[in-house]
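Chain naming follows the written order as A, B, C, D and E, and within any one chain the residues start at number 1.
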Amino acid sequence: MNALIISAVWGVVMMFSGILLKQRSGIRNLAVAGLVLLLVSNILEMSGTVFFKVELKGMIVFDRFALFFDSIIFASALIYLFLSARDMEKVGVNYAEYFALIFFILCGITLVASFKSLLILFLGIEIVSIPLYILTGSEKKNLKSNEASLKYLLLGSFSTAIMLMGIAFVYGATGSFMSAEIIASPGTVSALLIAGMTLLLFSMAFKASVVPFHFWAPDVYDGAPTVFASFMATIVKAASFIAFIRLFNDLFGDMKPEWQLWMAVLTAATLFVGNITAVFQQSVKRMLAYSSVAQAGFMMFSLYAMNTDAVEGLLLYVAAYSLATIGIFAVLNKMSDYTFDGFNGFAKSQPVLAASTTICLLSLAGIPLTAGFLSKFYMLRAAIDTHKNLWLVIFAVVMAAVSVYYYFRLIQAMYFREGNAHEIEVTPVFKWTMVVVAALVILLGIFPNLLLYWFYF
Amino acid sequence: MPVNYYIFLSLALFAIGIVGVLIRRNAITFFMCIEIMLNAVNLLLVAFSKMHHAKQAATLATAGIDGQIFVFFIMVVAAAEVSVGLAIIVMLFRNVHSVNVNFLNRLKH
Amino acid sequence: MSITLILFWFLSVLALFSAAMVVASKNPVYSVLWLILVFFAISGHYLLLNAQFLAIVNIIVYAGAIMVLFLFVIMLMNLNKSNEPKRNKWLNLAGVLAGGCLLLVLVAALKNAETKATLAETGTGNIGLIENLGKALFTDYVVPFEISSVLFLSAMVGAVVLGKKESSPDTAGQSGKSSEK
Amino acid sequence: MSGGKGDADNMIPVLFILIPLVSGLTLFFFKNEKSARSWALFSSVVTLFVSVSGLTFFNDSNHLKFSAEWLSFLGSSFSVKVDGMGQVLCLLTAISYPVIFLATWKNQYSKASSFFGLMMLEQAGLMGVFVAMDALLFYFFWEMVLIPVYFLCSRWGGEKRVQATFKFFIYTFLGSVLMLVAIIYLFSQTSDHSFSIESFYRLSKILPAKTQGWVFWLFFAAFAIKMPVFPFHTWQPDLYEQSNTPTTIVLSGVIVKMGVFACIRWLLPVVSVASFQWGDVVTSLAVTGILYASLIAIQQDDLKRLVAYSSIAHVGLMCATIFSETTIGFQGVMIQMFNHGINIIGLWIVVEMIGKQTGTRKISELGGLAQKAPSLAIFALIIGLANLALPLTNAFVGEFMMFNGIFSSGATRYNVIFTVLAAASIILVSIYILNMIRKVFYGNNNEVTMAANDIKWNHKLVLSVIVILIIWLGVYPDSILNLTQGLSETILKQSDVMHLFSGK
Amino acid sequence: MQNALQLVWLIPFFPLIGFLINGLFRKQLSKSLIALTGCGTILVSFILSVWVFLQVKNGNSDVAEYFNFISAGSFKVPFAFQVDALSSLFLLIITGIGFIIHVYSTSYMKDETGEHYGRYFSYLNLFVFSMLLLVMGANYVIMYLGWEGVALCSYLLIGYWFKNTEYSKAANKAFIMNRVGDFAFLLALFWIVSKTGSVSFDVVFSKASALGTSDVTIITLLLFIGATAKSAQIPLYTWLPDAMAGPTPVSALIHAATMVNAGIYMVTRSKALYSLAPLSQDVIAITGLATAILAATIAMKQNDIKKVLAYSTVSQLGYIFLALGVGAYTAGIFHVMTHAFFKALLFLAAGSVIHAMGGEQDIRRMGGMKGKLKITYITFLVGCLAISGIPPFSGFFSKDAILLSAYEHNKILYVVALFGALLTAYYMFRLLFLTFNGSFRGTEEQQHHLHESPAAMTIPLIILAVLSFAGGFAGIPDIFLKGGDAIAEFLSPVLPPEGGKTVSHSTELILMLLTTVLVLAVIVLAWFRFRKYKPEEEKGLGKFLKNKWYVDELYEKIIINPLDRFGAFLSNVFDRSVVDGLVNIVGRLVNYGSRQVRLLQSGQVTSYVLLMVLSMLLIMAVQFFLRK
């Protein structure tokens, strides 16, 4: 509750800060302060300190899972701001507004992470989506940005329509939007409910960029300003997955036989298309876009397995994935040339950044002793614990091996190719934040319980 | 009125919306088709709300009202979405003087 | 055949036909007009279902506000039949077939649903009245209602971001160029 | 992890990992090349010292075992133990590093601190692999070896190093992740949900044969690629040819042993039914590989490729022997892992020296080097002879026992055929080794070898150490065989499933 | 004195020390010191061997166990030496002849530089060491150590002049051919281990009778294949003539004292096994005889002095195998001994000739040297008489024993063997006459240079000549002297005499007479033919024989070339295109797949929606209608 209200209010504060503060650094600091506040208040709420007492009628429940997830998201967002807030200046003039939108999105994310009513889910997703359409198109003179924005908007509203139809069916079958009542609704699983569930599956798959509903993702991530693409591909994607898993765990948990197969199929498809397509990319940004699709495939395992391991693992996955991707995107953002060749010789000019980026890439590839490995490990373990569809797990690891191909291409470019990676200017803060990111990635890879401990305590 | 009628009617409208999305290249028309789809959903929700009301009115006088509230929220959201959407379309039109959704494909592969 | 039934069929046919015309019209302005007709037909259905408030809101919000917005935009862009993009016949056919099949599958799946025998009450029931809805909205649904304000805020900010002239075209141009590479 | 003085007693396995790890990490901060080099040598000597003391002063189970809480909620723990096989292989690892550093003392590297840092990290990983008693930990170290190798080979080496390394990396990574699936699957089957080796060993009698079958292949894919067994070997010659010598030495001397080692520790005792069932198939592959690689080695003109193929043949024999499931064979494999490591290290140093002296590694361009570099020629001859398993050199003992193992195997019906084919390699190996020596060292000088000089004291020292080890273990192999005796029998007992099939 | 025999390790130990000293300090030591070390260590060994021999003669024998060489579970290979009649006799031959050859070498090799001189002597010592190991080993593994050891030393010594590519090729050939034999030996060992669980002679032989006939036959045949390589029998004999590349004393060492006797020793040692496998014995006899004839025919047409001697060795070894094959082990060993004497003599004498000729080995360029090289000539003549079997030279007794055993076994064998003996006389005297009689056919310079060798070379020759003459008296047949067969008696603890003789004394005497007469006739024939020699082109059969039956070419064609081509195919085509190709294809498939799959991402919103709708359709359809 703390986070929900503070994020909304801080969004408004940021709106006005654009008028009141002339210094961009002031705006930036304000945003950072807000985010710190968010994080602190959220952590306080985890330990029972709630600032606002609002009657929610059971539509939103801030349970431990939601709060924990929110903390991860806010922490990621904080790192994101440290690394990339300065780069937003490059996008356009509406500096304060971008922050406002980001806070609104965070507000939406708290909603989708803690919804107990389909109405809240719907609102939350829209609150996340609409600012994203805008952020995607915020580089107004850039045709790519325009195009991405339009595609995102059209496809996004299409999926919204699908989702609404699904909700309508569910409502028809059960007479309620509240998850508690939907689960309690008597009778066998009706065709109406299945149809609704399936449609919801489609639309959530769309939001989580799961194949074959992923088409928007590469184009949008590629077209959007890099700073925002990074935000979308990490924090927002994580939120979609949390919503996804909440939906299918809370509402349709009893109907597992009806959807588990589809989760498996979608997982396989996502892994395949995401990884295979990424192989041939020449632009690092687009490669990362596809990699985010591929990573979604691994996250899908938690949906497929849907057991304790899966949920726990998804949290770790989200943290690991967000950290690493934010780091890489932040570095990418500093580059003038987004192709792989643009990174040639990067290790020579920026050894620290190159090393940190490498650690992030290793994490994405799932190399042990990085957070990425343990999160993948969780996913695989969850999937294997279902004791069926083992082909899926084997397929996934084969695809993980394929993923090594494109992640390591970047490492190769940085370290082993002679090149003229342009001198880039980075602040010490940026450098140190990258080091912290890399350290966190490794720390989580060795002692994941540092993170997961909070989930249980 | 059997609720099935409404289901089929909504589905038909929904399908027309989808067909429209599939065959129109004009971004604005595309958008309008999505509005059709949303309206189909609205209609269905209202029908369901009345169905549930009919079933449960004896125990709860306001049974089914949530469906209609939901429709209200859909309208709200649709309005917001349209405003943003049209802003984007206008912005795009300013740059390329076209609203063909397939005209722009710098982003592919 | 009761009057309700006649009205239902009439409104249904009207809605479907208008919707089809929205899709079929070459000129976007006609599409808008047909769409408005769809909204009216659906409002009629709402009335039939005794959901007066929604019927009114539908007309006001959709037909009144949204569609006008559409019209403005279309006119602003001066779109007409002539600059309507060319379509690929086969793709269109595929689209129609896909949509039709989806409809068929859903209908076939749901035609024997347990709701087969259930009725949606028409004409009676007062949940659709503004008084009841308002009460629910501001008691049970006050939180979502407030939340939707965030949505509007963000839409508003968005409109500003997208609409406001870039004051310093240099920076924008630079960044635009850089991402073009 | 570390404790007070009381704990320090049983820290030997931890020290194995910790010393190189810490020294490796600190190395990255060194600026001066010379000090980096010295520090790396120093720490590797310390490791060697620790490992020797582990063999002598602290040679009891108390000192060689360590366990600490780690990832307990995943069912894993940081449990390490140095058993007989671990002792042998850790010793090999510990010996190889100072030897390599000394032998390549004069080699220049751009960014030497990173080079040595990565080398030490690699050593830490290797040590970890050999002492890990927990499947997940094992996997961690298994991969931890791979990453430094990737960077080492990609950064310092021949012209096509990047591609060759990339291929190697993806290839081996694919194998490892398949193994990961197997590990997790086995974990999910354990009764106490644990990754500990004991829990895994208990599974061998529980899991149905069919399940074991595919688990076996998932595991074996990783090991076969690492060893490498025909037909998974194609990464090897390219990589050896392209990568820098120190890395190549570690790769062929120690890293390929990982596969053999892992088969013994993690494959045979865990999925013993499948190992028995698929033993013939694997052995056929391995035996094919022996002949295949030997025949190809005869044809090679590049010294590095020749050694690479010879390594494939030798490792193939070890692989074939493992699946014969006999005590003598096992003992042979254990000692041969060490011996082959020593021999091939020596061979690489010789190859490196030849390349250094003449600037080429093409056999056809060389000749008459014995006149210019007599010491090198003698060392080369001795090491070459050890490589072809001449009696009273170390490899003879290993090969003799391994052939014996295959021959007397009860696990296969084709033992005679396997032995005959595998043993035929002793003819082929003598052909390529002797031809190589003849063409490189004998005959008359040509313009390439005219300018060559004899080797320097550091190489003489290193090669002498190797030759002494070769002869020592050739004459008194029991010094290693005694170490591994108990383990071989334990593993065999654990993996003995023949009684299940004896009815047939 | 039982415990004293534990000290036998000293016998191989001294040559080893010599090897180490000479090998490690070859640059530091002076030539004379090197020579002293080399010869001295062998002399000590020889003295020890004599002592051991006397011990054994007094009825002592022992197995001295030192430490565990290999152990694996219940399988143990002790490092142990066996001292009995057989091994002690061989010890004597090896160290004795070895010492003589060492002494001879000090002079023969004096032109080498100090470093190479040291290298040479260290190799020689190692050679003796390996051979000692071979004959002293108390189990097959220790025997195998020496077995490969001698192969190594022959490799080193044949390729001693490593600058010469042909020589190092010959060295390789020797080693690799021996490896083929080793391969069979090893297989036999594995077989023995798996059947008896041990490699120790006593255990294996005591369990031999429990083995099945097929097992024993396979083991013995495999062992024999091993022996064919080492002792240069068909089909693995071709390395031996090529081994002439080494310095001449080395040839003497290989041919007389060491290497080639290894196979014979091994077969004799394994008598307990062979006696259970009649089939193997027949194979040995036939192979031996065939080799004897084949080599003899080739020797008739060779022009290299050492090559002739080499083929004669092959031929004589064939005789010995014939003896082993027909069960006359004692006769075989006897011939080993006498052969060691006269073959060492012949080689060293040939060395003296070559020395005099300044390295020339072609007998077509020699002739008439008996004037200048008197001692050499006389000793060579003694050697020829001995090898031809003229009574009372040593060869007569040993060869006669073999022929007699062959006669007892099978008349056909006897006839063929006799024919071989005549060939021996023919080619040996051809060699003698061409070398020493007639007129000198070499260059002026060579003629001027001709001189008798120094004492360090001639004294060994004289000693050996005496031995070649008198060596036969160790085994005088019963008909001449009752109990005169001292050698059989000495060997009887190891090789007990089998059954009584079936041939009457009169027949035996007639056979001896027949042999002698025929041999003398052949010598006369040779005299007339080669008294005045003119080199001429060989044609037909002569050419065929001169080219050694084209066996090398045959091997080249049917084994080496196909193998080489197959290897090249594997290396250049199969490994690159198929095995690696498959791996690369996977990579390329991924790349190709990537290029194709990414086309889905057409950039067109409409197609995105269409694909989404189609997948929805598909999932819906399956969900509702195809599942269940």
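One rule holds for everything that comes next: a residue touches a chain if its C-beta (ideal position, glycine included) is under 8 Å from a C-beta of that chain, and two chains touch if they have at least 3 such contacts.
Note that this is a predicted model, so its numbers are computed, not measured.
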Inset, instruction - With one step meaning two chains touch, work out the least steps from chain C to chain D. - result: 2
Inset, instruction - Pick the chain whose C-alpha centre of mass, unweighted, sits closest to the average of all protein C-alpha coordinates shown. - result: D
Inset, instruction - Looking across all chain pairs, point out the one with the most C-beta pairs in contact. - result: B-C
Inset, instruction - Sort the other chains by how far their Cα centres are from that of chain C and give me the top one. - result: E
Inset, instruction - If we define chain centres by averaging CA atoms, which chain lands farthest from chain A? Would you check? - result: E
Legend entry - Inter-chain centre distance, chain B versus chain D - centres from mean C-alpha coordinates, in Å: 65
Inset, instruction - Provide the C-alpha centroid distance between chain A and chain C, rounded to the nearest whole angstrom. - result: 29
Legend entry - Averaged-CA centre spacing for the pair chain C and chain B, given as whole angstrom: 4
Legend entry - Gap in Å, rounded to a whole number, between the CA centres of chain E and chain B: 97
Inset, instruction - Mind pulling the residue numbers of chain E that touch at least two other chains? - result: 598, 601, 603, 605-606, 609-610, 613, 616, 620, 624
Legend entry - Touching two or more other chains - residue numbers and ranges from chain A: 119, 123, 126, 130, 133-134, 137, 140-141, 144, 150-151, 154, 158, 172, 191, 194-195, 218-219, 405
Inset, instruction - Check each residue of chain B and list the ones that touch at least two other chains. - result: 3, 7, 14, 17-18, 21-23, 25, 30-31, 48-49, 51, 55, 63-64, 66, 69, 73, 77, 80-81, 84, 88-89, 91, 101-102, 104-108
Legend entry - Contact pairs between chains, per stated definition: A-B, A-C, A-D, A-E, B-C, B-E, C-E, D-E
Inset, instruction - Going by the contact rule at the top, pick out the chain A residues touching chain E in the complex. - result: 150-151, 154-155, 158, 162, 191, 194-195, 198, 202, 206, 212-213, 215-216, 218-219, 258, 261-262, 272-273, 276-281, 402, 405
Legend entry - Contacting residues of chain E [partner chain B, same complex]: 598-599, 601-606, 609-610, 613
Inset, instruction - Please give the residue numbers of chain A that touch chain C in the complex, ascending. - result: 8, 11-12, 15, 54-57, 59-60, 89-94, 97-98, 100-101, 104-105, 107-108, 111, 117, 119-120, 123, 126-127, 130-131, 133-134, 137-142, 144-145, 172-173, 187, 190-192, 194-195, 225-226, 336-338
Legend entry - Residue ranges of chain B in contact with chain A within the complex: 3, 7, 10, 14, 17, 21, 27, 30-31, 34, 37-38, 40-41, 44-45, 48-49, 51-52, 55-56, 63-64, 66-67, 69-70, 73-74, 77, 80-81, 84-85, 88-89, 91-92, 95-96, 101, 104-108
Legend entry - Residues of chain C touching chain E in the complex: 91, 94-95, 98-99, 101-102, 105-106, 108-109
